[in-house]
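The following pair of complexes shares a single chain, chain A, combined with chain B in the former and chain C in the latter.
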Partner chain A sequence: MHWLSTRRAKTVMVLPTLIIYAVFIIVPVFVAIYYSFTDYSGLGKAEFVGIQNYTRMFHDALFLIAFRNTVVVLICSAVFLLAGSFLMALLMNVSFRGNAFFKMVVFAPYVIAPIIIGIIWGYILNPNYGLVNSVLRSLGLDVLAIEWIGGTKWSPLALAIVFTWQVLGFHATIFLSGIKAIPGDIYEACSIDGANAFQRLFYVTIPMLKETFIINIVLIVTGVFKIYELVYQMTGGGPAHQSELLTSYMYFTVFSSRRYGYGMAIAVAILVLSIIGSFSYIKITTRKQRSEA
Partner chain B sequence: MREKRISWRGMIFYIGLAALILLLLIPILWAILLSFKSNNEIVNSPLSLPQVLNFDNYQRAMDTIDFGSMYFNTLLLVIVSTFFSIAFTFMSSFAIARMSFKKRKNSENLYLFLLIGIAIPIYVLLFPIYRIDSLIGILGTRLGLILPYVAVNISFNTLLFTGFLRDLPGELEEAAIIDGCNLFKLCTRVVIPVMKPTFVTIVIFNAVYIYNEFPFASTFIQDSSLNTVSLMASMFKGQYSMDYSGIIAASLMIMLPELIFYVILQKYIIGGMTAGAVKG
Partner chain C sequence: MKKRNWKKLVGTVCAAAMAASMAGCGNSGSGTEQSESKSDDGITITFAEHVADIETQEPHMMKIIDAFEKSHPGIKVDISGKEVSEHNTQMTLLAGEDKLPDIFWLEQAPAKEFAQNGYLYDLTDVLKDYGINDSLLPGLVNSCTVDGRDYGMPSEVMMVGFFYNKDLFAQAGIDKAPVTYEEFTDAVDKLNAAGITPLTVGAKDNYSIWAFETMLARYGFFEKLDGLLDGSISWNNEDFIHFFEKAEEMRENDTFTKDISNMGYFEAKEQFLGGNAAMFNSGAWDIGEFESSDMASKIGFFWGPTFSDSEYEQEIGIKASGGVYVISAKAAKDPELLDAIMQFWQFYYGPEGTKIIAEDTSALPCSTYDGSIDQKEHPVLGTMIEALNDDWKAVTEPFNSLSSTVAYGFFDATFGVMNGVYTPEEAADYVEGLQSAER
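Right, the complex of A and B next:
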């Protein structure tokens, strides 16, 4: 391989990726940081205002609501998804007729456009004529027929449920690949020692999947920062911005109210939160690859 | 030999499984049911079955949406962006994983640099890329979407390609080089054929992302003749917000080709992921 590794060959191989990556990923981050220190509003020149945009976040009631909603969605999704996708993976790992079909069904929502998922779930969670509340009312459980979307209280829970449905198969598949990577002789040894199915699950499978659990958690964290279409379709952030997430509030601030400086400060805040979440993912993945090499 | 019969345990298992599958499919099934009802029925008797099986809603969606131009626009973006993002990232990943650098650290640093993108939510990039596009003069054009789409996939593809290329046995390429292969022939004739499953998995993930992409498309595209699938779904809902059954029928029609595509190719997605294509 050394013979072909001329400087020219390497440059040709790397340059296209590097240029596009630099212009459309790295430079934009600095552009965002630059604008976050200005009061740019689309007209005239951008004036530097120091850290004013950042201090403003802490006094902005709508930002704090969006932040709180994001945290609620994150916690609810993490709980639903870790439990749900792990159970799905255990089931996928059992061999039975129809296993492939089952996997296909669980994974399917992941490939549907989020914008359409938002539209469809809007009809299920609509407080008046949606499926969930209609069923609850017909069972006489009117107390449980809450304002899933459109109210001020329950939208983050509704978003977490829909998000869970959307990415359940993705996370289950990651768990499944973790489960399949556990060497079979460990289970054999346990069975010989007389461990039952539950003991094998709690003393072998779950401890051996520690890294997979961490990766799934990190992917859930970064995933929640990508939820936008669901908010846009299901609640529009309303009423009165009470159901915004950080991403949708940022979008509103930038593209609807055209406060570019402040919007970019929110964007940078999202970036920092996401980097904290993802850094560990990259570290784990690269460590694993090295140990495999 | 044991007699083959359905045991009670097996039956309970399958009943439970069927219930679970039904639960997961309810949103889709419900949407299909709604698409045959009238607006009046949806609002006033939500749980009833449609009175008559009418295709009016589909007819309305067909009349309003220009499916031809919508699929053309979307597929053009998908094919061009996926092709270039895969070609470019394969080249750079090959350099990182297989070519010799004077300092090993250089290729490692390049690798980590290209992975940073995983941590950057694309929403952070929306406005800056909007500015960059308008600076270059490609805002609102197809190129103005294709370039960011290529860029957004770089980190993910690098992670998968490099992971696979590092595990490739060196003897393969040594033999090819001794036989007189140059770099281009080595990649296209020797390495890529071995990597077919990895390529299929990456193609699907890239293509699905671009097909479904909404925020970039909705922010950058002004000219409605360039509308993509996601944009059309959202626009239909915006314009006919009171036509509930029409919205559902339109959404289903927009979703259908993708689901068919998925059913055909799903074994590569799930198989590719469990084979360790997505490390983790």
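Right, the complex of A and C next:
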């Protein structure tokens, strides 16, 4: 019998993927790091400028606005998404007629191209003729008919809401698979011990989904740092770049403003921030779990 | 032994992968070019345009290509288009990969950067040899030069300003197009009083700044240009502050459509053509679309307001070459392909192409045209030709004299003031920050 689980066989099987991953993911990261230390404009020669592009970020008001907006979107999305998708998963776990259709509807936005979602929500949130403000005004709630997009205040919140709507089904599905993996006999034992539904939720389900929460948080952090199409389509980053997120500002810097070197420095900063964000959360929760154990 | 064989295997795999990737690189070189541009059917010229829907937005180009292919059976023009910002991005990326199309459109500032970096063919001699310089309108010869050499041919007559709806003006009690800033403000007040949106601008697309560039020129942009570039003059100077203050006053006077920050260029045009705004900031490229609309006979044009608080020339209008058509240096290495390309441009700028542009599609040709335009049949074109021939001095777009970084910075700053994001001083400082980084 020939075993495929030998070290050599595994290596041979992994090698093609590893090569592709290295060529298309790892190498470009190093290329970006290289250009981030230059004044490259996308054409011609790249002159080495040291850490100038990195120090410029701290004085660039638009970068700081994009950073602030990204943090706002991250916090809002994390709150909306964790709560929303967890509750949605609990609902999806209940047996009722039409459950399969319900799951499909919840997941549907995730398979729509973000650019189309941007177009749809651009119309829905338009302050003048959008559906949301029209409904609010018709209900006499003019105070709530705010400038969702196009203004200087509320665009990050609007982006967080739309992002949440887009990926809610995906995160709910991850939670659902986590819930399904919890052994039924634990719930049975709890019920025998007299635990009610809330107690089962808070003392069994949530503690046993810690890993799932970590996965979702990491995916939310990395997801927020990748939002581009929604900004492009809903606000165009405007007015005057006030609604840019880091990724959309990086794109503007590279392709419209043609400051390739500076744009690559922003890209590297995004990479570092998302790694720090994800790893620090994992570290904190793992440490907490250990101390609890 | 086993270990050695294993190393050999890994080495062979790596070598094969490298060889494959190198072969791939080789394929993207001249071998593929030959097969792409030449076949048994003749030569194919690849052409990249800056509009997404060429049939609608540049109908003259499609008609000229059809006519050219009929009269030159051995040559085909394979045209494709993308929206302007996507097009600009793609050209930069393709330049980096050395995969530029044979001919393509560029804004003037990037065209100069492309030329300086060796991506474009020096057209100086061929423009004379193929008689193109003789066909062009005098003001459009030498449209894009670097060190005295030509690198671009004009893609259009760049005329920008405000189109206005004569019916809505009459409805508001305005009897003629405003000339001075005071007349403009008065017109805005009357339009607002009549419940009509005065001016629609596609602020979401920051390139649609056009008429405001003319206003900047009226505050001495060209006179200050050398100083701006060498640092002896700051963007935060009294004249430019006055310019930004005018944009701020316009916002305070409710000059712009309420939803300006959510309004792109195309939505703004729709608003104007729907009779929902009295004025629209645009240029000559919209003539064809205006002509085919129901309100063609109602559309007038003016250059934008003149300012009494500026000591610089006021009777000026942007009447120059806009973006340019260029030939990639790589395509020009093949003499047969270059000849086919130049035959196409000779046709485009010659009598056949010019006739199609002027008569079939109601656009302004870049070449001299001997025919006559029926003003009743083409009212907007007639209006624009009248403006083109008036005695106001022709200037180029300020945008073309700046780097992309500073130019787009100026657009953002102006729209920032129009949106209420920046004060005039903040706007000027923002552009100065970008300019000073380049000095």
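In this section, the second predicted complex is superposed on the first by the 255 of 293 C-alpha atoms of A that agree within 3 Å, B and C clash if a C-alpha of one lies under 4 Å from a C-alpha of the other, contacts with A are read in each partner's own complex, and residues count from 1 in each chain.
Note that in this section contacts are C-beta pairs under 8 Å (C-beta built on N, C-alpha and C of every residue); 3 or more make two chains touch, one makes a residue touch a chain.
Remember, it's a predicted structure, so these values are computed and weren't measured experimentally.
**Student:** One more residue to check, A:150. First (chain B), second (chain C), both or neither?
**Tutor:** The second partner, chain C, only.
**Student:** Examine A:249 and indicate which partner it touches, taking first as chain B and second as chain C; both and neither are also allowed.
**Tutor:** In the superposition, A:249 touches no partner, neither chain B nor chain C.
**Student:** Contact-wise, after the overlay, does A:173 reach chain B, chain C, both or neither (first, second, both, neither)?
**Tutor:** In the superposed model, A:173 contacts chain B only, not chain C.
**Student:** Which partner chains sit in contact with A:131 here, chain B, chain C, both or neither? Use first/second/both/neither.
**Tutor:** first
**Student:** Chain A residues in contact: does chain B have more, or chain C?
**Tutor:** The partner with more contacted residues on chain A is B.
**Student:** Considering only the touch criterion stated at the top, classify A:238 as touching first (chain B), second (chain C), both, or neither.
**Tutor:** The answer is second: A:238 touches chain C but not chain B.
**Student:** Figure out whether A:86 sits in contact with chain B (first) or chain C (second), or with both, or with neither.
**Tutor:** Once the two structures are laid over each other on A, A:86 reaches no partner at all.
**Student:** Give one of first, second, both or neither to describe whether A:271 is in contact with chain B, with chain C, with both, or with none.
**Tutor:** First partner only.
**Student:** Do any residues of chain A touch both chain B and chain C, and if so, which are they?
**Tutor:** Residues 12, 23, 128, 255 of chain A touch both chain B and chain C.
**Student:** Which residues of chain A touch chain C in their complex?
**Tutor:** 8, 12, 15, 19, 23, 41-44, 61, 122, 126-128, 149-152, 235-236, 238-242, 255-259
**Student:** For the complex, give me every residue of chain B touching chain A.
**Tutor:** On the chain B side, the touching residues are 13-14, 17, 21, 24-28, 30-31, 34, 42-44, 46-47, 87-89, 91-92, 94-96, 98-101, 110-112, 114-129, 131-132, 147-148, 150-152, 154-155, 158-159, 162-163, 166-167, 170, 173-174, 177, 182-183, 186, 208, 211-212, 214-215, 219, 229-230, 233-234, 237, 244, 247-248, 251, 254-255, 258-259, 262-263, 266-267, 269-270, 273-276, 278-280.
**Student:** For a test of understanding, state which residues of chain A touch chain B in their complex under the given definition.
**Tutor:** These residues of chain A touch chain B: 1-5, 9-10, 12-14, 16-18, 20-21, 23-29, 31-32, 35, 91, 96, 98, 100, 102-109, 111-117, 119-121, 123-124, 128-131, 134-135, 138, 165, 168-169, 173-174, 176-178, 180-181, 211-212, 215-216, 219, 222, 225-226, 228-229, 232-233, 247, 250-251, 254-255, 260, 263-264, 267-268, 270-271, 274-275, 277-279, 281-282, 284-286, 288-289, 292-293.
**Student:** For the complex, which residues does chain C have touching chain A?
**Tutor:** Contacts found on chain C: 6, 9-10, 13, 17, 21, 85, 88-89, 92, 95-96, 110, 113-114, 116-117, 119, 203-206, 258-262, 264, 403-405, 408-409, 412-413, 415-416, 419-422, 430, 434.
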